[in-house]
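Sharing a structure below in structure tokens format, with a few things to ask.
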Amino acid sequence: MTWLTGILKDWAASDFAWRFRTSPPVIFATVVFLALIFCAAAADIIAPHNPFDPATLEIMDSRLPPAWLEGGTTKYLLGTDEQGRDILSSIFYGMRISLLVGLAAVLFSVTIGVLLGLAAGYFGGWVDALIMRLGDVQLSFPTIMIAFFIDGVAKIVMPVAMREEMRFYVVILAIGVADWVQFARTVRASTMVERRKDYVAAARISKVSGARIVLTHILPNTIGPVLVLATLGLGVAILTEAILSFLGLGMPPSQPSLGTLIRAGNDLLLSGEWWISLFPGAALVLLVLSVNMVGDWLRDVLNPRLR
Amino acid sequence: MQTAADTALIKVVNLGKSFDVSEPFLQRVVTRSGRKIVKAVDDVSFAIERGTTFSIVGESGCGKSTITRLVAGLDRPTAGEIAFNTPNAAPVRLQMVFQDPIGSLNPRWRIGRSIAEPMDKAVSAADRLARVGDLLKTVGLAPADAGKYPHEFSGGQRQRISIARALAADAELLLLDEPTSALDVSVQSQVLNLLKDLQERLGLTYLFISHNLSVVRFLTDRIGVMYLGRLVEEGSGKAVFETPQHPYTKLLLETIPDMENPRRDREPLTGDLPSPLKPPSGCVFHPRCPLAMDVCSQVRPEMQAVANGSKVACHAVAQGAATT
Amino acid sequence: MINGNAAAAERREPSVPVLDVRDLRIEFPIREKALVAIDGVSFSIGHGEILGVVGESGAGKSLTGSALIGLLQAPGHIAAGTIHLSGQRIDNLPETEQRRLRGKRIGAIFQDPLTSLDPLFTVGRQLTETIHTHFPSMSRADAKGRAMQLLAEVGIADPATRFDQYPHQFSGGMRQRIVIALALAGEPELIIADEPTTALDVSIQAQILALLKRLARTRDTAIMLVTHDMGVIAEVADRVAVMYAGRLVEIGPVEDIVRRPNHPYTVGLMASIPPLHRQPERLAQISGSMPRLGSWPTGCSFHPRCPHAGPRCEVSTPLLMPAGATAAACFLHQGGTAL
Amino acid sequence: MKRYLKVLLLASCAALATGVAHANTLRFAEAQEISSMDPHAAREDFTLSLLANVYEGLVRWNADLKIEPALAESWEALSDTKWKFNLRKNVKFHNGNPFTADDVIFSFTRAGSPGSPFAGLLEPIKEITKIDDHTIEMTLKRKYALLLNDFAGWYILDKEFQESVGAEKPIDLSTTTGGAMTTQGVGTGPFKLSERQPDIRTVFVKNPDWWDKPQHNIDEIVYTPITNAATRVAALLSGEVDFIRNAPSQDIARIESTPGMKIMRAPHLRNIFFGMDQQSAELEGSGVKGNPLADVRVRKAIYQAIDIEGIKRSIMRDNSRPTAVPLAPELPFYDASLDERFPFDIEASKKLLEEAGYKDGFTLPMDCPAGSFINDERICQAVVGMIAKVGIKAQLNMHTPVQFDTELPAGKYAFYMLGWAGLPTIDAYNIMSATFHTPTGDLGAWNPKGYSNKHVDELIEKIGTEYEPAKRQEMISEAVKTHRDEVGKIMLHQQFLTWGMSDKVNAIVPADEYTRFWYYTMK
Amino acid sequence: MISLLATRLTSVVLVMLVVSGLSFCVFNFLGDPVNNILGVNATLEQREELRVALGLDQTTIVQFWRFVERAAVGDFGVSYRNRQPVIDLMLVRLPATLELVLTATLTALLIGIPMGIYTALRPKGLLSRIVQLVSLLGISMPQFLIGMLLILIFSVELRWLSAFGRGETVRIGWWTTGLLTVSGLKALIMPTITLAVFQISMIMRLVRGEMLEVFRADFIKFARARGLSDRAVYLTHALRNSLLPVITVVGLQIGSLIAFAIVVEAVFQWPGMGLLILQAIEFADFPVMSAYLAFVGFSFVMINLIVDLTYLLVDPRMRVK
């Protein structure tokens, strides 16, 4: 265990940790973000109900207001929706879907982007030209538009039985595909910088293979900015998913994300049953806000250009 | 009698390297411009004796770094050849030490790993560790330093680590690309002394690149002076420094601040370096040359041996030699 | 029409140096503590004099220059000491007053001519803008004439054409000339040149140094030349100040510093420069390297590397004391011993 | 304030010009868009309900849903298969053309042409011959009981106009000219089209030359489609529109409690039910062998697992009436004695499943439209939860109405929600022939792979040809009872119409959901 | 400059090729015009006849060429849903979306840039911190949520602003504008705010970031050393240099505004192209989808071209070869 305490001590003494300790908003955002992740990940355990096990739903418990309002019950802290689903539990589960979709989409675009960026940056020449022109074309369509099209078209052309099941993957694909360019560009830029660095030349002189150089030397040195971008990208991906779901193109009601919950509750906005859409809405904003705050801070701290 | 070139470890003959810096195809069509070729290295020949130091000096853009990259095999020459004189024509074991002490080590690798990188893959992990320790001691660092990261070292120490890495593969030829120009003077002398010691102890051969003439003077056996991709003078260190022949060499030596003679007033070399894209015709130095004659702008001078044993590419020197 | 030399001459009072720095101390509050980056630095520069400030990177020489023009990067600040410009105290002036000094009475030249000029404006525009700032009453035509004159003075051929060109259309050496012209626009008494030739090729470097030397002589301007290159110092400086770890360790006329250095650091520094006309077997060397800011040793910061260091050096800091024509901060020269 | 001023100003101007007050503009919003001004292009209830104000048929439904003469003044049956119609004289189309027998024959050819959605409706007619300009004779292929009912939904167009814009056929997508009817149309009705920007704004103005005596006082109707329910309600609440059809159930209370707003209610002809694939040998994706839905016990088990009162209370907010039969009480031949549901009984349901051999349940692919019926999505979700309690795992797929309406008849769904009102015929025959009958030819189009009973099929065909009401009643009751007892559909409820409007509007709310503006008045 | 235009031209050609390829695929393969025209019940012969009539019996290359030929003159066929030429539908919707997008862009620039400058100049000020926090919220809130809240407050509770539509419009040629009537301008307020909030935050953060970076540039330090006033240093030199990258991003943002307009149009029932495409997706109206794709691609290419030309104006380094 001594090595662990050693690492922790090193970390605690580092500039990074110091800057973290001295920014209360970031600490707060990190705590909120971790708490939300925990709620989402442990939804099965900590959610008071499982709103997506249809067998447990009581339609007679529908549309109950939050516990502190008249008619509310502590059984459902944030109230219930029209199906009698506990809003609090719905938020936990919905956040899980939102986070999963966001993370998977970002992972997808990071993977594609990093691979293409490494290839473009290291090999240069026509490989580079091809990939970058492809990126230009891709950038000619706003992210949300690409997601929109992939999603909309998939909804139309997929066989009936597969539609709902494949939604999750289609949404991930739709959001992920659109976003690879920024990662590819970043990785390409830093690859081109790293490629010209002397340690790469030293490795080449020592007859280290190209693939090995890319993977062991260049990749680790390009991943920093990618991580920052990915953090900020996570916020965008979650938002994009919410927008798609709100327009009815994202996650279906059977696997509702926060966006789907808001969409369902949107119709009830005027009826006085505001908690059905506003609580998931607040959860969404809180989630994205905390992600963005942490990402922002990471960028400020890790971006050597801004130091 | 054996000539120098026969025993030389490395022989560079008529070496040339051109870069295509043309605009994209479409643009060339639109502007009706042709391809643009930069001759970074143009018809350069020299040889390095085993166990000696050959230096190339010149200002930025003269092509000296390109030569090291060509010798190192990082780039392919577009003309001429580089021949190594090794037993059984085995590939020469060469390594390189770079100018920038920050960029020459992977910042995310412990230095032990960087030093071990050039080692034979067959060597066992334990042996590698031991060898890394030895190398660190050789360059004046502690074996325990192997576990540290580059940012924990000063610039001078990092250059020592680079040297240790270069030695790790039992290199016989070291390419030294301005290894001390980023260092402070007090540290520079440490590294220079180390390089000299190592050469004596291990019989290393150095190809040394620098713009700093006094550093070159300390380390070198022979010197080549380059200007705009061409070698203009080549000779022993003593000959070049004490009896420079080419007007460029003379002026270059003239511009160097002289520590032993402070506060002197001198007439600096006028004009800017010409663009390598449009090198002057004939002798590339003629627009700035105080001795320029008509022939200089038309005929390219060839390297010719002169009295002090150097070779010089200059019409004026050749004529002077002929008339005297 | 303003005659720069005449204006400078009017301000001139022979007994008062152009720049007088006393016990300058610069601190950087970082995290919980304040790092002392410069401590106890005192020197002065007279009219037409070039003071070379030399030292390894991190010794604090550029920081001193920044402090003089009032452009210390926050959170750095002058914590103690005084700066007098031609007898007027300037370190405690409010920011607006300081700004009036900058460019007008103290010019500055920075290391990299490629990045010192705003790429989006013509050279002429940047020149006239500076001239107008310092001489608000000057007419446009006069300002343009003045700008042309400055360009010609720093050796730019064909100023009329060059006036309307952008920085990227100039070579590195030419840009540094323009930077110098900009520094001269306000007719300053003092120019702070921070590594003005480091980014240039040797042949161009010599041209710029010659230009600076000429300006000091013809305009009677005081120049503080900050550099790490002893060669540059030897070439142009009248006097030399050697800095090590935030302190001035030795100051004196260039011949003395180069030929007869007193402080062990200066001695080592001079000896470690490879000579041009000989090929010695070995170079003298100072072991170790300069400590980083924040981990400076107690006492004389040079003591860990000093061949003459004694116990006293570890605890107390030597002050700058005259030693012949120069002054050195070393116990060896304060009539005592290192012990 | 400003608005009133403007209205006042407009009114006074108009009064000066014509001497008649032109002041009443009815601003109307609904989720859907009028799909086309061509009344023969789509058999889609919403479009037809609006076009009823522009076009007229030979007969029409009055405010009480009784047939009354419209473009035909009178008619008589010459035989079982031959009818004579006397057409109304002095009727003018909106473009001034007189209405004649040629227009009727043209409209018959047009709407009855192959590919037209109305071809099925007019299928019983063999030919129409012109006797004179205002008399026609109609020959039927066979005895057919619902001719007049069907005619109420078949609108007459001006031959000359249609030919002049090149719209002789209902739909022709291969040429751009087919779009002529998207933005224009000429009928004989009480209102005429004055402006049309698809998806943005459609304006109808009063037809001053209408043959009938107007009971309305509306001068202009501005229709705006607003898809988003909340936005639509917000528009009503903020006074930007005067009238929305189908106020969402959740917003009814709010509208009613808003001063100056009201809700007008009426039962709807539409009954909602689940249709089932009872023909396939295997139920794909069910995880069990065979087709559980083919077993009447399973269908009844699902039926009894549904807490219909819970749906009524929680989702419909009491704006529904649970039903046992697909016929609404407002339809002729409704038999109240049959309208008795199997009770909601989880235990009985479980027992039935056990008997059928599905003790451990199975997976049920479930397909629902999102936006076709009131609260369709929510009801389906609730049902998923309810049948989960007896062990049936439903896999819910939601579809856009368009997708749903093409995929359902194609037999792509196994268990689906559907609602049927029997429009435009307004008769049990329409419901039964479309959703009870074994799919054959034009019949049973909305019952793919569904309920099939030879005897019921025969009954339905007879109902179509029987003129005698008592006999029809008997056959209808028998068919409905058989269908109910065999759980041909899992019936849910009859939905209620809840129209939200400003107090200024006095509307009628007919059970067929048609907006018959010629009965509306405004204060 | 020529080099820039040449690469841009290559890019334009490439983008338009890919775009037309995509929209051709949507039109031809997803759309299956035959099925959509004749419906599922048509006979084989009818289908074959129509295939020939539509040229679907030709090779894909020929079909693609014809598609491009027709697309070039704006002929994207007839909407399945509205039975009108797609181009007419698009032209009717175009003004609404463009007016919305342009007012949102202007709003974003007019608010975002000054806020960015302010927060860069006073990074530690209280107001700066508040603005930054709010801007973080601005990029963390989905538009539909903002729109919903605005409607709830300003339409339903306060009854100040219209919850839907463009208000009264004035027709100038084929262009209908809402900018000339009071109700049209009022109707613009909420959609514009909804659409602009994200962009304001983006631009503010961008300007701030770029300015802080430019502040570190040597030429700023040198400008201060020359004695220039803060005004000249910050608002002439720093700002102009910071705005270069902002131009690029604003160009990209206008493009994504067209996309985000879909959301806003859905919430406010704004009769623009976004609503059209939403309905097209719902109704599987492939000709409209294909035309919309082409439109967005084309707009982006044009915006990029304008951005490049702006660069030529602003950055002298681009002008001289």
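A few notes on this one:
In this document, chain identifiers A, B, C, D and E correspond to the written order of the chains, with residue numbering beginning at 1 in each.
The criterion applied here is as follows: contacts are C-beta pairs under 8 Å (C-beta built on N, C-alpha and C of every residue); 3 or more make two chains touch, one makes a residue touch a chain.
Model, not experiment: these values are computed from the prediction.
Number of steps on the shortest path from subunit A to subunit E, with steps defined by chain touch: 1.
Averaging Cα atoms per chain gives one point for each, and the point farthest from that of subunit B is the centre of D. Set side by side, C-E and D-E show the greater C-beta contact count at D-E. Of all chains, the one whose mean C-alpha position sits at the greatest distance from that of subunit C is D.
If each chain is reduced to the centroid of its CA atoms, subunit B and subunit D end up 90 Å from each other.
Put simply, the C-alpha centre of subunit B and that of subunit E have 55 angstrom between them. The geometric centre of subunit A is 51 Å away from that of subunit B, both derived from CA atoms. Mean C-alpha position of subunit B lies 32 Å from that of subunit C.
Counting partners per residue, subunit D has 228, 230, 234, 237, 403 as the residues that reach two or more other chains. Subunit E has residues 10, 148, 152, 156, 266, 284 in contact with two or more other chains. Residues of subunit A touching subunit B in their complex: 197-199, 201-206, 208, 217, 220-221. Across the complex, subunit A is touched by residues 228-230, 233-234, 237, 248, 250-251, 253-254, 284-285, 307, 310-311, 313-315, 365, 367, 370, 377-378, 381-382, 384-389, 394-398, 403, 407, 412-413 of subunit D. Chain contact summary for the complex, subunit C toward subunit E: residues 69, 71, 99-104, 107-108, 110, 112, 115-122, 129-130, 133-134, 166, 168-169, 179, 182-183, 185-186.
On the side of subunit E, the complex with subunit C involves touching residues 217-219, 221-230, 232, 237, 240-241, 314-317, 320.
Across the interface of their complex, subunit E is touched by residues 29, 33, 35-36, 41, 115, 171, 173-176, 178-179, 181-183, 197-201, 224-228, 230-232, 234-235, 237-240, 400, 402-403, 406, 410 of subunit D.
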